[in-house]
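Scroll down for the structure; my scribbles are underneath it.
For clarity, chains are labelled A, B, C, D, E and F in written order, and residue numbers in each chain start from 1.
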Amino acid sequence: MKRLPMLAFLAVLTLLMPAAWADAPTEPTLISVDKISAGDTAWMLTSTALVLMMSIPGLALFYGGMVRKKNVLATLMQTFAIVCVVTILWWLAGYSLAFTPGSKVLGGFSRALFNGMTFMHDPVNKLSVSHLALTIPETVYAMFQLTFAAITPALICGAFADRMKFSAMLAFMAAWSLLVYAPIAHMVWEPTGWLNIAGVLDYAGGTVVHINAGMAGLASCFVLGKRLGYGREAMPPHNLTLTLIGASLLWVGWFGFNAGSAGAADGRAGFAMLVTQLATAAAALGWMFAEWISKGKPSVLGIASGAVAGLVAITPASGFVGPTPAVIIGLVAGVVCFVAATSLKHALKYDDSLDAFGVHGIGGIIGALLTGVFVSKEISGVDGSVWIQLKGVAVTVAYGFAASFIILKIIDMSIGLRVSEEQEREGLDISLHGESIE
Amino acid sequence: MKRLPMLAFLAVLTLLMPAAWADAPTEPTLISVDKISAGDTAWMLTSTALVLMMSIPGLALFYGGMVRKKNVLATLMQTFAIVCVVTILWWLAGYSLAFTPGSKVLGGFSRALFNGMTFMHDPVNKLSVSHLALTIPETVYAMFQLTFAAITPALICGAFADRMKFSAMLAFMAAWSLLVYAPIAHMVWEPTGWLNIAGVLDYAGGTVVHINAGMAGLASCFVLGKRLGYGREAMPPHNLTLTLIGASLLWVGWFGFNAGSAGAADGRAGFAMLVTQLATAAAALGWMFAEWISKGKPSVLGIASGAVAGLVAITPASGFVGPTPAVIIGLVAGVVCFVAATSLKHALKYDDSLDAFGVHGIGGIIGALLTGVFVSKEISGVDGSVWIQLKGVAVTVAYGFAASFIILKIIDMSIGLRVSEEQEREGLDISLHGESIE
Amino acid sequence: MKRLPMLAFLAVLTLLMPAAWADAPTEPTLISVDKISAGDTAWMLTSTALVLMMSIPGLALFYGGMVRKKNVLATLMQTFAIVCVVTILWWLAGYSLAFTPGSKVLGGFSRALFNGMTFMHDPVNKLSVSHLALTIPETVYAMFQLTFAAITPALICGAFADRMKFSAMLAFMAAWSLLVYAPIAHMVWEPTGWLNIAGVLDYAGGTVVHINAGMAGLASCFVLGKRLGYGREAMPPHNLTLTLIGASLLWVGWFGFNAGSAGAADGRAGFAMLVTQLATAAAALGWMFAEWISKGKPSVLGIASGAVAGLVAITPASGFVGPTPAVIIGLVAGVVCFVAATSLKHALKYDDSLDAFGVHGIGGIIGALLTGVFVSKEISGVDGSVWIQLKGVAVTVAYGFAASFIILKIIDMSIGLRVSEEQEREGLDISLHGESIE
Amino acid sequence: MKLVTAIIKPFKLDEVRKAVSDVGVQGVTVTEVRGFGRQRGHTEIYRGAEYAIEFVPKTKIEIAVENGLLDQVIEAIIKSARTGKVGDGKIFVFDLVQVVRIRTGERDASAI
Amino acid sequence: MKLVTAIIKPFKLDEVRKAVSDVGVQGVTVTEVRGFGRQRGHTEIYRGAEYAIEFVPKTKIEIAVENGLLDQVIEAIIKSARTGKVGDGKIFVFDLVQVVRIRTGERDASAI
Amino acid sequence: MKLVTAIIKPFKLDEVRKAVSDVGVQGVTVTEVRGFGRQRGHTEIYRGAEYAIEFVPKTKIEIAVENGLLDQVIEAIIKSARTGKVGDGKIFVFDLVQVVRIRTGERDASAI
């Protein structure tokens, strides 16, 4: 997203505003408050709340319900703590590194500590806006992007559930947020980023968020190894009620994620929401029927997983494609992710415990590529190509995996990644947090 | 709703726009993007998210907490799957059948596959709007209406909980959505619909949604019969915590349902939200005190049920009445639905397991009739009458019940509606979905 | 809030509107509908839904998860019933007493029964607005304020969990809402209120909501005494999953609470949301690390409690301070509230069961005072001082405690406050409500 | 005195309780258990991972009786608990050396 | 050796455990059970449907003891578990044929 | 006939069940219990309030066997349940006066 809606706003703005305006700023700038659209701002404030709700409680519950009862609190805590840590890092440097011009691969420090992000009250009546969203206050844009930066590392937790030390998890996520998320976001979304210049399309984060998190997840299950007793002991989800609540809140919140990525309450946002709904439903049914046919029963975990796979796959495409392509993208994602999570994983014998890679990695790749196939110039005003998309995917896959792998190895060699066998047996709730649920 | 707010917008619009605009379109049309109100769009995007949240997780939890532990996942799955199926049907034909002119009883196929629903990017800068909401993109209007179409069949599930086959449930809901929901919605809300022409008032769906679902529920408990051991074995709700979460999310989401039915962020929406809050609180207290007095204790299930009864009853009235009438409507609904769910049902000896009819059918009828009594011309700009309302109620009661009954019988004779006795005993979670909660 | 954003709007409005407008109304008035901002209205409708979600299910779950299993439903019911009761009282007189001019300490009855709150439909096209929010319908402003009035008494419940009669609880909350909440809200927020005139700054309710509720909580644990077996029997939280869901929804909803207190979708709202996020994260981490260091383990209850402490502390400051002060306010609140809830309470030996005072009272005082330290004239257009803040705190502490204490004593002497020993042993779910969870 | 222990199908609990009350039993203690036997469990599949749940939910009831009442109680349980399908369960009888009613300190016969 | 089984009121568990430890018991096994007896249950009403919950939550404790310790243990339980109200529960004593400590394979006396 | 009762570590259940099946046991009844013994529990801290959780989760299995099978079963349990760490649990053996299979009314040996 970002770059294109920016053009979109400009297009619209130029119709309404003094010609002078036509040449758009390329970095955060001060504008007069009356240039702010209350309508756009209202929707972006709302979208920010919705995306935060995706992480807490949405994702936390989605994962929490799938683990064993002795690990549920530890799992919820991971997402909650990640949101807190990323918030502080975003303020320190993350936002600045991702969304200020800087170089082709990383932004600068001009916005560190949200330095220069102002609202000058009457009588001055000026405030700063991001060059990526000219009709809303920069504070709102920075908050909206913060919620993306927060949920992305939290997605990774699904891969290493039940066995990572909390301290190591915090260290990994902090490093990952600055060293992996910020650069990829900059390259793909910031106009000066080289993948953005190359024309890679990623409306709401299929590449930056999902492929990126999926690869980090894959790296983590290689580095950590399997859960104790994996394959021998039964490890059924302890309470899918939580998982279904989580999936539902992810779905609802995703409207903020995708339609919010329009940066405005406009026709583009409307389309993004509509195709998100269609792809999600198609994917949920795709997974459900694939499972029903191949395993004999349609499961709650299946339909919920399918919905998430659809949400992931439509994310990069949401502002670019029409209804029918959305249904196709959803169906493909639902069926392919079903295969990835139920067969591929068991075939390749790695323990991606809650399928962070199987759903977000695979689903993200499907979405990124199909965006190139189905992008509609009418809706988005741009062209795309599978090859350019493939380039974005390849870079993210390679960098996301390698960088995550290295960070994890370093932490493992320093403070150690994995809990002791007794702790794992007793369960992380009691051993790491000294708490348990009745 | 729909027709009247449309007039409202026009009223407002005419003040602001070229005279040419005064004669309003009677079918979806293309307009220039700058005719779109970002503020109205922001609120309608938000309302859509809120109404989806009513279904998942709201309604799913409201019902899920009331069933026995062995059926909770199956109950959650029903609502979730219905949302997915209706989404696809809405795209295929549902939206077109309900909200394009067509005949007096049903719309046409002009919008099948959302055909013609476009957003033409810069430089064209036009997009399509529905003739029922001229200041927001048609995509947003279609999505908003989709969430109504999705929750309505899900409400029915409360009547046949714990005993219907999942496959039969899918078939029934698919048929019902196209054969019962779409026509009723068209007749009541689309300007060409005969009940709309007749002047039936239904602001946000008391008739279309609640009476309709309530009657289908009643039909289903006649066709399916009672749960195994009903009346003999204890069947207490297994976890009212879920039910209270569900009732709360229904309440919050209902602001999108009622205030969103204004189609805009305006004075009408504000009034709709205010009266919704008043009626809900009055009904919750009404039910609670009625129970306290007659049974000796105020219960959590009681206050939650009362709140839902109030939400149902104020739905058709929300854009038409002032504060004091809202309190009266709420009180009446709370007390009458209490009697319906606690005495009437046991007297008539049908097993409306979670009171889909007792709350939505009865509550909807109360609301529809009292709308005729309390409608305020000042607020709504229209008159109403109990007799005209009665007409709308009668048609919906008759058609809703008969059509549902027939569809159910056909499914019963073909694939069969009810699970086997063993499956029902073992619980639907394990027998239908192969899952269970700890 | 209120008074200052009002000025803000005026500032903005004056730039856009006929000079006549410059002198602002000092009481609710009728204006033409086209003076309403759809964007501001959209955000305020949304904020209202968010703040309601904070109470139900947010706060209900936050508290419900912390009690013993036998009391969870009773705890959920308290918040739900309070929302209903306060809604009716707000309509009867509460809103009028708080937000119409009246005297320096209390408003008048001009808006009792929402009398005069109108929306006159086409062709008149006028509606009433509050003098405290001139760009949104008065219905929306009254609803937004209603959600504040509803959550405040519900916060108190944390102090007397597991031992108060439901009937006594209803009586206390009804009295408290009219005799304590309304006057304090009037004094602090209504331009004619003496603390407002004195220049006390309370953007979103640190004083009115949190200190006020915290002191009532403290009073109630003195009047009621400890839970049976307190200190001897183990009383661990039965299900922190619920508490974490609650904390998460409080966080998300708080964006409506703080950013909504701007009364508009503008730069002020954006800043309020941003600093809310920063302070919350800082406080959550502050509490977590303080606990980790002093008790050896970081707990889920700890990080969740810290987040709430941060939300409380930033509430009065949210529209007044910049990012870095927000982080400082959060850190201080997280650490100090940790000490208050874990040591102070045990030292002073009162049973503030779920730390209503420890978190809301202490956190509110910290926030109110630090607002005086960090207020930025650039952002808010006003100056503040710790001494003026201290005045506001002192008045609220004194009046809130004394009035609550007296009301409780009167109820205790009349109908009695506390359940019988058997009821407390058996658990309130069964003894008061005749229900239980599996 | 004897302690009669029966493992039964959970949904039969109410019937059995009534049946034994009818023959004069005044107290019963019930425990939720899981049973493994001829009656097979079921399989659950989560994202392709199949788990064979070998244990079936059962309910265990314990009744202390005087020798005189033993046979009637056993008969009552058999009659009320039987469905004829595999998994109906078992009855185990033990000798009781001593019984005490905590409230009164009464022993044996009078304590039951 | 004997196995002492006591059905007590749940909130008495800690007291009883301390009491038996004081007389030298080193191990206890506890089970959550539901009891039917002189003490009545309660009724729950859900939307007009009344359910009589006949069973009361109880806690069952099992203690293997050498014969020498039997009487002291019984006394300790009676003292600590008694409230004097109906529902205080029962103590059942059984003969133990054999006891084994799994960790060491020790038998009988030394295994307790 | 004897009833063999074993208190074991929960995660050992599957192994033990397989082990006893291998020596010919056809039925087992399992109960979730909590144990107090040499193995210590843990502490939980909630907002500064420390709770010592003295009881450790354990699993209790009950197996009715004919005398002939007794020793093999005990051996099988010891082998499969042992970790060598404190808390491995205990085996208690009782005399069974009578066994009935509810479905068929069969008694004793043939009922097991």
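Throughout what follows, a contact is a pair of C-beta atoms (placed from the backbone, for glycine too) under 8 Å apart; a residue touches a chain by one contact, two chains touch by 3 or more.
Owing to the predicted nature of the structure, the values given are computational and were not obtained by experimental measurement.
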Chain labels contacting chain A and also chain D: B, F
Path length in steps (a step moves to a chain that is touched) from chain B to chain D: 1
Comparing C-E against A-C, which pair counts more contacting C-beta pairs? A-C
Do the two copies chain E and chain F share over half of their interface residue numbers, or under half; same or different? different
The A-D interface: which of C-E, B-E or B-D repeats it, judged by over half of the contact pairs being the same residue numbers? B-E
Interchain centroid distance [CA atoms averaged], chain C/chain F, Å: 53
Calculate how many whole Å lie between the centre of chain A and the centre of chain F, each centre taken as the average of the chain's C-alpha atoms. 48
Cα centroid separation between chain B and chain C, in whole Å? 32
Counting only residues that touch at least two other chains, what does the list for chain D look like? 31, 44-46, 94-95
Residues of chain C whose C-beta touches two or more other chains: 37-40, 42-43, 46, 234, 237, 245, 265, 295, 297, 299, 301, 434-435
When you check every pair of chains, which ones turn out to touch? A-B, A-C, A-D, A-F, B-C, B-D, B-E, C-E, C-F, D-E, D-F, E-F
Contacts from chain E onto chain B in the complex sit at residues 44-49, 51, 53
Could you list, by residue number, the parts of chain D that touch chain B in their complex? 11, 14, 42-46
Chain F residues touching chain D - in the complex, by the definition given at the top: 3, 17, 26-31, 64, 94-103, 105, 111
For a test of understanding, state which residues of chain A touch chain C in their complex under the given definition. 33-34, 36-43, 45-46, 48-49, 52-53, 56-57, 60-61, 64, 72-73, 76-77, 80-81, 83-85, 87-88, 91, 113-114, 117-123, 125, 127, 136-140, 142-143, 146, 166, 242, 265, 432-435, 437-438
Residue positions on chain C within touch of chain F in the complex are 234-237, 295, 297, 299, 301-302, 305, 341-343, 345-346, 355
